[in-house]
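What follows is subunit A paired twice: with subunit B in the first complex and subunit C in the second.
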Partner chain A sequence: MIGPPEGSPRVVLAGGDERAVAIAPAAVPLTPAESLRQNLFSSWWNGALTIGAGLLVGYLGQALLRWALVTADWDVVAANLRLFMIGRFPVAEAWRIWAATYLIAVLAGASWAASGARLRWTPSLIALRAIAAAATLAFLLFLLDGLRIWVLLVGLGAAVGLGVAIGRAGARRLVRPLLIGWAASFPVVIVLLVGFGGVPPQRWGGLVLNLLVAVVGIFASFPVGILLALGRRSALPAIQLASVGLIEFVRGAPLYIWLLFGEFVLPFMLPAGLDLPRIVRAMIVVTLFSSAYVAEIVRGGLQGVHHGQYEAGRALGLSTTRLMGLVVLPQALRNTIPALIGHFISLFKDTSLLAVIGFIDALRIARISPQGVFQGDLKQTLLFAALLFWIVAFSMSRWSQRLERRLGVGER
Partner chain B sequence: MATRDGDAMIEVEGVEKWFGRFQALKGITTRVGRGEVVVVLGPSGSGKSTFIRCINRLERHDRGRIVVDGIELTDDIRDIEQVRSEIGMVFQSFNLFPHLTVLQNITLAPRNVRRTPKGEAEAKAIELLERVGIPEQALKYPAQPSGGQQQRVAIARALAMEPKIMLFDEPTSALDPEMIKEVLDVMAELARSGMTMIVVTHEIGFAKAAADRVLFFDEGQLVEESTPDRFFREPENERSKRFLSQILL
Partner chain C sequence: MTGPPGSPRDDDPGPAGWSVGRVRAPAFWRNVRVLQVLGQVVFVLVLLWLLRGLYENLRSSVGRIGLDLSFDFLQTRAGIPIKEGISYDPNQSYLRAYLVGLVNTLRVAGVGIVLATTLGLIAGVARLSPNWLIRRTAQVYVEVFRNTPVLVQIVFWYFAVILALPVIGGGSLGGVAFLSNRGTAIPWPRGEPGAGVWALLVLAGIPLAGLAHRWRTRVNERIGEPTRPLAWAAGAFLAVAIAGFVLTGSPVRFDVPELVGRRYEGGFQLSGEFTAVLLGLVVYTAAFIAEIVRGSILAVEKGQKEAAMALGLHPAQQLRLVVLPQAMRIAIPPINSQFLNLTKNSSLAVAVGYPELGSISSTIINQAGRATQVTLLVMLTYLTISLAISVCMNLLNRSVAYRGVRR
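Right, the complex of A and B next:
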């Protein structure tokens, strides 16, 4: 999408070449001391705020660190790690999850590299990464037990590396194959998990369950939400009424209630003989719930598209479908990326509500594992569950920022 | 008259248009011949923009008949899309697609409506950009070029569909004064090339130089229809006279 279209005729850039370019005088770099004084101690009030905030953060930080590193006993987390990640997924079948993870890792690495992204190595970034890597390594050393898991993790790193190598080699030629790969990855993952004597969805659990339900919810509610948003603006009263009705109805109750509805009421509403598994009903509920919010976000984006854009498209003879698909939606969606990703992050976290209808998701594991064989403290397990959710949510947030930069949101 | 009838590109008969209780067009009847350049003048709110927007049905007329190149405009969406793909339109506010490059703006409709292959559409687009004098802008996004350049891109975009008719809705009204000429020059060249054009504008100089005919609108009526020579020298209608005395001060 970005940059010159492939194979476009070469265009000679003219004008401005001969003219000397005047450059604004470069800002004089500040010494660290000057920078400190300007930013943190510019007035006595500012200085007092800096010192006060510093003391508070320092005190809370050391208290948390001392608790986490000295007081807390993390054995309960280490002992239940597999439960946290995959719930009661049978150990003998865990290779299926690893295979799926490797597949996603290769795709992710290739997509990252094919988009032309490179790691930047400035001194501060190197320091930051070194700290993060050391902390992660220490954390894993503490948490992981046995050679097998280490081999598998190194393999995961290798899978990402393989993806990056493929992505670098193929570069932009890979854009289409990768899109197809991502589209195909979901059915492939499902077959990997369920197919050929695999594990039925009823036994999925842990973070994997949260992720799977969130991915289904996100990717299914995106198109449904767009259709609802378009429906809400439709000139046909029946479609408009149905869209508004569905959106307002679904948004009117908490997800908690809708999950209970899907679990206990929906089976009686389905035609006899159609016996949807519980997990599928939960996915339908999550998708519909999310669609209503996506619809309203997209509607906001549609309102931001100037009516002149519609007129220009119509004047060129574009049909309504093409007008929407080629002119209006690309602009509307680009403007809604921050809000959409925000909603999807919150949807991912909301999948922890699956516990209320009896699914064993990561948060549920945190609540029940201290009562198991390894007696332990709820504080540690809840904090660990929070960390798991944070890692995923933070990754989504970073990815959203990258996407915004690449699509030039707020610039053009 | 019979020969002119056969050569009419646009026929408008008794067209009326309401916006709620406000009547924007009151019984407009006229015809535009093949290759004719018609300039539409009139005070703001006189219905001149509404008139040309009815011709490609950005507005739906409530009464009367509009026939464009043999196709009558009705509620049939297929006819409307057919007619629209033969009419290029240039707007006061350019209305370029900001998410597409200049080149993609121009090739969008040929590729998606006409199914022109990509390479062919792009070669044609570059040709058109050369014609309007800005081939170097091809790979930029529309927000980067100046207003005058943007409007010339918009003209190239409209021409890419090889329209039989071009409509201009105040194409220079949003431009800085120093950029008006570059757009008018392109339009004058287009007029010389034999394009059928209807131009809503306040640029009297353009009307005098390029128009075959002037239509003067006031309060939704087609008040006077004349050659530019006659119209600017000796307008017949009282309202035309008042309008001209106001803008020619």
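Right, the complex of A and C next:
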């Protein structure tokens, strides 16, 4: 070890044992002018870059803002908002969607609070949140019409609050019940939508259709994907070959071709008399497609489990099934959570393909709603559809990044 | 997976409950090796039975609507109008129409891969720029385009941007390039007699540049002072190219498109559909490549950059000579899967009517009804393209991997 440099500040330690301790220079806060110079004008080349990029960004930004706030007429979006969200879902049954949303909101609030997370309130964060809240409010004020929807939205906020209160009270004890709750939420939501004289999938539409197809795809492909991943790592050549063949064949073709398969070939392959609705066939195809990708993700997770774990399980005398179920899979799946969320995001974005084969999803609504007085407002509707997809995908990717840090993937 | 067959078992009590020393082979219904083989045979039989059931269903249902499962229809007249691609007329066969689609897919995917890599590399490096404005701009670009479906982007580029351009004849950029809702025409170099000779000379300039580079590097090793090998190599190449250009009598000129009646002639013409698909694929995929590039650069050990700094390399040299070559090793496998995604996403061109594999296939299905054959054919085609890309990327990967390390 090399001692601290001469002249380091000397610190008196508790034992009276005086020793020189090197103290790292604290980061001195820069004055605004200094930080401006360091970040933007550190050299002539950097300065030129800043000015060039600044002009370009400034020009594009003001053109975009002027178009969005002055030129463009956004009435087409407000007028078609319900179509964007739920398509031709019967209005009288819309309470089913609200109920499902409330359920998810309570679960999400409780999970967030039970994980011990708290909002931090630094001045810059407060300012940022205030701006975001004001922008959202202005946006909603323009979009939403009628007292009912406002009451429902305030109720949604209250549901999240209720969840947070439950989560705070239960804290870590709630982890297992919440996991079960999330697993159960999927069948519950489906029953809520379809059951008791509900709305069959053929009439789902809008963003809700995109979300539901993605969620169905993920949930249904999860067990299939795990089986395929285990099959791919099996020591039995017949099973391994079949798994590899299926995975690579499915991943080799684009989703659009698979949707064509579901549309035109699958009905001929099913036993005569079994007539599945088109949307259900699309869901089957999305599930098949997704399970090949889930299999590859799970395989990555399985490879990340140290072989000592297998050996320890064997030494305990566990059978293969229990070894997998109790030792290997829990560790493998924990490592794959961020990748699985990433896959869910891409599957959700891919559901926009439903528009191409004739389903009334959010993108399709955007293409057909500029009619009559709104003729030619396609830019606005397409941008709004893009915004809807973006909000879901972006917030999920942020959540996944946070989860990745918290789980410490790759650190164990 | 289970223990070695024939090993002694606890549940094999010998006389008086002691294990016997002599190992008796287990009965065949308890022999793991036999069970594994039997299990696989059963598995294969069940799989075959299932596939046969699906096939029988398919054959009888297809027969019921008066179609068959043969590929003969590919030879019959297609009668589909296709707007762009290699030479084709509707009297040619379905197979020819399919080939047109294949070439169009390869065209948009090939150009897309090159452009997406370039843009992604730039945006990924910009994400790490010390300049705040550049860094943030790149971040906004990545976050906006990565989280929006590529189909929405393609549809937006086509219906909201390209179809909103002026009608043909308007949208002139200084009289040399034209933007219109029916396509874009830009000036393009065109060879005249002597161009072939010049091209050969330019090709010959490449080894010459290599020689110059090696010579200046040798000098640098001898005298230990900067000898600018790259500048010398570029100079040698340019000298050959320019001298050759003059000697062969300026064989290349820029062909400027002109408006003739209702269409452009000359120059290089891009259809609106192609432009929209290309823009959508490139902008979307580049956002992902940018994140891969950024992650790979960050994954290069910090000490490497510090060592480069300590050697006195300037920032661009640190990046080019030390950081990027190592980052490439990390980046190639994920970039390969982005290339595959881009190629497969090109099938979304069906939404704007660019005649590539996906949209030609769906037209053939609608017209000829042979959905099974067409789907199978197009799946195998995409599989082949994907395999070809993967093989190329694996070769590239091998060439940049650590020597002595096999991956």
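Here are some notes:
By definition in this document, the second predicted complex is superposed on the first by the 331 of 412 C-alpha atoms of A that agree within 3 Å, B and C clash if a C-alpha of one lies under 4 Å from a C-alpha of the other, contacts with A are read in each partner's own complex, and residues count from 1 in each chain.
One rule holds in what follows: contacts are C-beta pairs under 8 Å (C-beta built on N, C-alpha and C of every residue); 3 or more make two chains touch, one makes a residue touch a chain.
Predicted model, so just to flag it, every value in this text is computed and none were measured.
In the superposed model, A:L236 makes contact with subunit C only, not with subunit B. Of the two partner chains, neither subunit B nor subunit C is touched by A:A165.
By the touch criterion stated above, A:P254 is placed in contact with subunit C alone, subunit B being left untouched. Using the contact criterion defined above for the overlaid structures, shared-chain residue A:W390 touches subunit C, although it does not reach subunit B. When the two complexes are overlaid on their common chain A, residue A:A53 makes contact with subunit C while staying clear of subunit B.
Residue contacts after overlaying the shared chain place A:A78 against neither subunit B nor subunit C. Using the contact criterion defined above for the overlaid structures, shared-chain residue A:A315 touches subunit B, although it does not reach subunit C.
Subunit A is touched at more residues by one of its partners, and among subunit B and subunit C that partner is C. In the superposition on chain A, A:P330 contacts subunit B only, with no contact to subunit C. Of the two partner chains placed around the shared chain by superposition, neither subunit B nor subunit C is touched by A:A339.
Subunit A meets subunit C in the complex at residues 39-40, 42, 46, 49-50, 53-54, 57, 234-239, 242, 248-249, 251-257, 260-261, 264-265, 267-272, 320, 345, 349-350, 352-353, 355-356, 363, 366-367, 378-379, 382-383, 385-386, 389-390, 393-394, 397.
Per the touch definition, subunit B reaches subunit A in the complex via residues 56, 58, 81-82, 84-89, 91, 93, 95-99, 101, 103-104, 108-109, 112-113, 118-119, 122-123, 126, 135-136, 138-139, 141, 143, 154, 157-158, 161. Residues of subunit A touching subunit B in their complex: 4-5, 7-9, 11-15, 306, 308-309, 311-319, 322, 326-327, 330-331, 334, 412. Touching subunit A in their complex are the following residues of subunit C: 1-2, 36, 39-41, 43-44, 47, 54, 57-58, 60-62, 130-134, 137, 143-144, 146-153, 155-156, 159-160, 164, 344-345, 347-348, 350-351, 358, 361-362, 365, 371-372, 375, 378-379, 382-383, 386-387.
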